[in-house]
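As structure tokens, here come the structures.
Each of the next two complexes has subunit A plus one more chain, namely subunit B in the first and subunit C in the second.
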Partner chain A sequence: MKPAISTLQTVALIQSAVTPTLVLAVPSVMVTIAHHDAWISGVIATIAGMIMALGIALICRANKGQLFLEWMESSFGRPIGVGIGLFIGIYYFNSFCVIVRTFADFISDIVLDSTPLFMLTAIMVVVAAFTVMQGIEAIARSSFLVLILIMLIVPISVFVLYTDIDFKRLIPLFDTSPVRLAIASFPPIGLLSEVAVLLLINPYMKKPASVVKAGLLGTFLGSSQLVLVILLSLTIFGQQLVPFMSYAFVNVMSIVEVGEFLERIEIFTVSVWVLTMYIKLAVFLFAAVHCIFHSLRLRSERHTVIGLSLLAIVTSASEWPQDMESTFMTTLVNMPVLLITNILLPILIALGLLVTRRKRKQQGGMRKP
Partner chain B sequence: MLIDKTSSKPGKQTTSSGQDKQPEQVLLTDMDINIERLHRFLGGGEDVVCRTLQHRSFDNTRYAILYIDGIVEGTTINTLLLSLLDDANNSYTNEKSSEGAGLYHHLTEQSIAIGKLSEVSTIEQAGYSILEGSTVLVVDGSLRAIVMDTTGGKTRAVEEPSSQTVIRGPKSGFTENLRTNTSLIRRIIKSPDIRFDYKMIGRQTRTNVAVVYLEGIAEQEIVNEVHRRLDKIDIDGVLESGYVEEFIQDRAFTPFPLLQNTERPDAASAALLEGQVVVMVSGTPFVLIAPVTFAKFFQSSEDYYQRYDIATFLRIIRMASFFISMLLPSLYIAITTFHQEMLPTSLLISLAAQREGIPFPALLEAFLMEITFEILREAGVRMPRIIGPAISIVGALVLGQAAVQAGIISAAMVIVVSFTAIASFVIPAVNMGIAARLIRFVLMILAGTFGLFGIMSGLMILLAHLCGLRSFGKPYMMPFSPFVPSNLKDVLIRVPWWAMRKRPLNISNDSNVVREGAGQKPSPDQEGA
Partner chain C sequence: MRLRFKSICCAMLLLLFASLTTGCWNRIELNEVAITSATGIDWDGNSWIVSYQVVIPAAISSVMGGSGGSGPKSPIIVYSTKGKTIRDAIMHSYSESPRKLFFAHNRVVVIGEKALQHGVNELIDVYFRNSSTRETVSVLATPGTARRILEQFMQLQAISGAGMKEIILSEMKNTSILPNIPVYQLAMEVTGDAKSAVVPEIFVSGTEDTSSLDSFGSTSIPSKLKLGRLAVLKDDKMIGWMSRKESLGASYLRDSVKQSFVVVPCEDDKGKKGYDTIQILKSSTKVIPKLKSNQLTFTAEVDVTGSLLESTCSQDLYKPGIIQLLEQGGQLQVSALLQEAWKRGQQLNTDIFGAAEKTHRKYPKQWKTWSKNWDQVFKQAPLETKVKFRMARMGLSNKSFDYLMEKREK
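Take a look at the complex of A and B:
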């Protein structure tokens, strides 16, 4: 039985695939570049992200229910299909390792500074691998429940922070030059391009026709959280302090004090964020396994998950130096890779599909008596 | 036609695979050989009773009844014997045949004062019928035997269920007798659409199993799947519905129950009315209900008998209790070990003062207390009821108070463990409570190792696992995920009956979901009309 994901679950999957890393380190980078107008860069990134989501969703609509790699092979031939599969598989595996490491560094910085990094990466990969073994349906359902949790947490967070918010810190509007606004929107655009995972998820959708809606809504939800975090951090701390914060959304929550009996509740915010991060890890590991499993015609998906997970634990813990700058890595170093895989490759696939469609039509016309 | 010639049991009946593989012995015309073979089949024994009679009107043709004492209804046997003796001494001048076959027809059509009769032609069929509590009548010269339903004997009376008590609601509970249990359902649901499909599982125990459902309301695919899974069971004995549950659940390795069990006829009937399928097993008062979702385990029969607002409040309390019983000790460990900054200074000082001098880390302290409590609980269940209170005193005073005074355990930990224990008793389904108990220990280890991050990692595994579970193909986390908004009316909250027009979607037959008429909301207009 082919798994079936609802449109809402797809929205949640896309949201989870882009948001966790988006709200982690990007706000500080954006405020550093665009100062108090960073939220405008967030809006620009949202628009760009939605255009990308639309493009990816339109490509998905050309697929008539085949798995992504089957579709590539049937459209461009087996060698090209396998090549695309391996390329994307390696990309997702590398991204997975980078995210695990970023996640581990974050947890180490915020809470568990004495725990060996190897232990943290191991538990993260084990949880992601277990989730992937439950299947894409289970990942999608989990992501939907996590999305509901976020929907409950976000308004409460804004409510408890309301007294600390000062909108005067946002004025004057459009004080930053358009060039700086554009540059500041570049890192989130790169991360929002991860919506390209829709190409792999689309065949599992119950209603593939609603892929456009799912892509747009998922991207919007993800990027609106980024804008919200930027707005909260700017209105609470101002443009001078935010650039010094590694994780602005954690700092925002750390100032909350509920009735003088509950303080430092940022750990709860981090806990919910941890769930979204796990969903992201699961989506990326699933994508890596899916591509490598189908490209190499492997026999056991379970063993592929185990093998890639073991490799990921070692890679995440040992590939980069102990003092790796996660922010620098996720926002700037990874950017070309993100853009090539999530934007350039889909454009090439779209062009290829147009060419082959014409060719197929011509062949179909010639065959007609 | 007075007699069923196809089967010794009424209705649809099958036996599980792997049974009756040896060639069957047919009944012979010589009654003595038949009786001797039946005795051998039944393994002899003093409880196997054989009473031989002769009929005056049929050339003193001999016939006999065989049954096992203790599993038959004594009064029915006496009535049967009286009618047979009375008939044997009467003279019938107009009988066409004086041979065994003639007597056989005479007895079935004119003499036997038993309602349910069937016919068998082999020693095995006759023998198994006797083992189930029927009485077999063999006639000299006849190749067939009559099976009379005399099932009975002493069984437990219908009593109040011991595991699922309610303040308001029916007080009757299922018993170990399958027939009593089916009658309890029939007394509640008097619909011609109710179906009882019988099966026999267990090579040695030959346990009767009934699959009960409402045709047209239950999804036929689920009914077929229940049958398919039951038919696959090949085991020597089934002593309780738990045996069957382990064979037919969707996934073997999970702490969560994938089938609901109840000993309440009203709960089983409510499940049938919602399109679920009930599996009854002879010999146990616990019936199984499938398919089931996670949220069902937090519902009690009483929720539907009292006001909807009270029911909603209690459901929220139950759900919260589940999370408390699963998470409270691990949260305590995580916060006191890793995240002390979260606590207000005064509370932190108080906790630190309590923990001063305690030789164990919070994780070990919690483990000691939890294990002690589990031992006490298990002892309380196994001990004779009269000694039960003594165990409570030992637990509360000796182990609780003394351990705190001795400086082995902190008072805060005693409070945490006690509250956790009380919360675990709030969960209406015992099997879900046990799942929470098991998970609690894993989360405690994760909390002691990785703090809140460990707990969240454990919860993520739990979430993914729960989302991957299915009960007879239906997603376990429905209606939360997959999201079925209409089913939310009777999950965490219970809306009034007049607002629950439809049965739960995706559980019952979706083409027949409307269960009540529209516009029944009480309003002053109705009184004026």
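Take a look at the complex of A and C:
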């Protein structure tokens, strides 16, 4: 394995891995719970996300350039290493299916309402599989280009919406109880925990020492987009209307009307969002393939991609008969799974590494002479 | 040879995938859609009657004086369908129209008085739920049926749906008497703290029918579309109208005055009465809630800048006293407008001025009690006005023409 991705590309990868699902359905859920103080919950989630990113990055620093599963096997022995690999692999595969379905439902609602769901999921999985086959470097390069596009589209969006924004709609501050603020911050914290993918990406970094910087910056970029979407939707529509919207960030952009020549520009925002979603799909499929391929000691990575992709098409298209169920899955049901895999498991890994450190040192000391 | 065949196959496969990955499943040609420029919503007591003003692109050039065909043809066609729900009514359109209704270019939605009294919640749901409809569509109210408005032709604008949108935008920009209310704003106001909203009125002025192109043969048309009063809604249902004067006062209180005018009575040294017309160039209003000995009161602080457009009083506009008089007159006029609108709002028992939101922001703790009974709290709240009126310009003439004439006579 040759280190292939730069720190900036890692930032873009992390940003793309957390943002698309974060800005899709979560803002309305948060506003429903925390009303016009939902942005404060967004800030709380950002702080929590940064702490998680820091924790994950610190665990990554203990890895001396090995692939994640090789590192787990060498630290805890093969059975535990394979167990961790399969567990994470299945998690990423399931998440990939949920994301594909969420993405397909969104596209179906907004643009391609006549295209059958099976066709949409198949296309998305095929594109993601093709990207994964090109390797992590191709995904990282693409994600960096997408990040540049985001940096362009965000200021333009705020500028064209400027006249509709009324910050008074955020007053009074802290009108919502602290309990509700905390509850509203759970869904984004769950999704921000996806920064744990850094554990798998870290060995591919050219400068693994800058993993802390990449994790923190990537998480900050992702969560600040969530806060921005919440702020825009609240200052434009107010707290009562946002819970009614399935995709608040699309509604926000759909009201732009500059004269009679600049209308319906939400399609540009959606296009950029679609790009980030494809990066996210590629990252998650890559993670699933990576874990399953190395855990089961499979011979062909390409065939693993094809096999998992076929399974993902069928799962995403037929697992949930209604789109409401997949939205419910992404926002609430997935929460425990996210927290167990992305927070609890890394904590256990960190504890395990601490416990086995002395043993490894002793082994290292015995080997030296 | 084998390698070449493989490369060709790969290229073909890539091309095939490139066409498939767009996700496009079907196609709708332009000549298969009926472009709707305005929609009308009526309620007959049991069902919704939805009317559509559909554009006939081929006929637009003939009515605009283009060549071809046998004389002018109507550029629009209006038809209606009925249903238990709005979407049910729209679905029935497939039984009578060869084309699929296309709402992306819809400019206005006109709601009949009965439909407004029935409630607008269902309409808002339709607009937010479907991606084909747009939340930026302007909402208009009409005392009769919406269909009649859609049938009316308009001067200077072949498609009256687009014309209606232009009229309301122009009215809002130049006089600020009536606001342009897009669907999303209506939804925001209906769901706001006060649960009150406003919708501008459009009606057919004149008696005769102008739903045929024959009327356009003469220089004046017997009837035309005109903006009128302001419909007031409470809990999504219409409860009354506000006059244009009250509506202008409401615009000041809602801080939505962009440009407007006031006609101030004036009197010269000899006691001859006349009028000064002042154009409002800039206006900003702050409605501030205050608690005075447990009684909620409101103060409207209005900052207005004006320019003299016309004067029929004999006065030398160089004199500072005259300018002060003009400013005082303007202050009184604006103040009276505000009080009149506030009083009407209290009379209708509806807070369309955003007073509830302001109170909620300033007194969040008390709001929890007041919000349960806001209508009563609002009804008893007096309004104090503080108008700061500044004359910025006197126009290109510094004396009134009457003043010059009088000087000459002397």
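The working rule: the second predicted complex is superposed on the first by the 353 of 369 C-alpha atoms of A that agree within 3 Å, B and C clash if a C-alpha of one lies under 4 Å from a C-alpha of the other, contacts with A are read in each partner's own complex, and residues count from 1 in each chain.
Please note the rule applied: contacts are C-beta pairs under 8 Å (C-beta built on N, C-alpha and C of every residue); 3 or more make two chains touch, one makes a residue touch a chain.
Everything numeric in this text was worked out from a predicted model, so none of it was measured.
Novice: With both complexes overlaid on chain A, does A:T131 touch subunit B (first), subunit C (second), both or neither?
Specialist: The first partner, subunit B, only.
Novice: Of the two partner chains, subunit B (first) and subunit C (second), which one does A:L298 touch, if any: first, second, both, or neither?
Specialist: Neither: A:L298 stays clear of subunit B and subunit C.
Novice: Give one of first, second, both or neither to describe whether A:T115 is in contact with subunit B, with subunit C, with both, or with none.
Specialist: A:T115 contacts both subunit B and subunit C.
Novice: Once chain A of both complexes is superposed, is A:L351 in touch with subunit B (first), subunit C (second), both, or neither?
Specialist: After superposing on A, A:L351 lies clear of both subunit B and subunit C.
Novice: Counting only touches as set out at the top, which of subunit B and subunit C does A:L145 meet: first, second, both, neither?
Specialist: A:L145 contacts subunit B only, not subunit C.
Novice: Is A:S271 contacted by the first partner subunit B, the second partner subunit C, both or neither?
Specialist: It touches subunit B, and subunit C stays clear.
Novice: Is A:I107 touching anything from subunit B or subunit C once the two structures are fitted on A? First, second, both or neither.
Specialist: It touches subunit B and subunit C both.
Novice: Is A:A209 contacted by the first partner subunit B, the second partner subunit C, both or neither?
Specialist: neither
Novice: Which partner does A:Q9 contact after superposing on A: first (subunit B), second (subunit C), both, neither?
Specialist: A:Q9 sits against subunit B, while subunit C stays out of touch.
Novice: On subunit A, which stretch or stretches are contacted by subunit B in one complex as well as by subunit C in the other?
Specialist: 107, 111-112, 115, 120, 123, 127, 263-264
Novice: How about subunit A: which of its residues touch subunit C in the complex?
Specialist: Residue list for subunit A touching subunit C: 107, 109-116, 119-120, 123, 126-127, 168, 171-172, 175, 237-238, 240-241, 244-245, 251, 254-255, 257, 263-264.
Novice: Going by the contact rule at the top, pick out the subunit C residues touching subunit A in the complex.
Specialist: 17, 20-21, 23-26, 104, 128, 131, 134-136, 182, 184, 187-188, 191-192, 357, 360-362, 364
Novice: Report the residues of subunit B in contact with subunit A in the complex, numbered from low to high.
Specialist: Contacts found on subunit B: 338-339, 341-342, 344, 347, 450-457, 459-461, 463-465, 467-468, 475, 477, 480-483.
Novice: Which of the residues in subunit A come into contact with subunit B in the complex?
Specialist: Listed in rising order, the residues are 6, 8-9, 107, 111-112, 115, 120, 123-124, 127, 130-131, 134-135, 137-139, 141-142, 144-146, 148, 260-265, 267, 270-271, 274-275, 278, 282.
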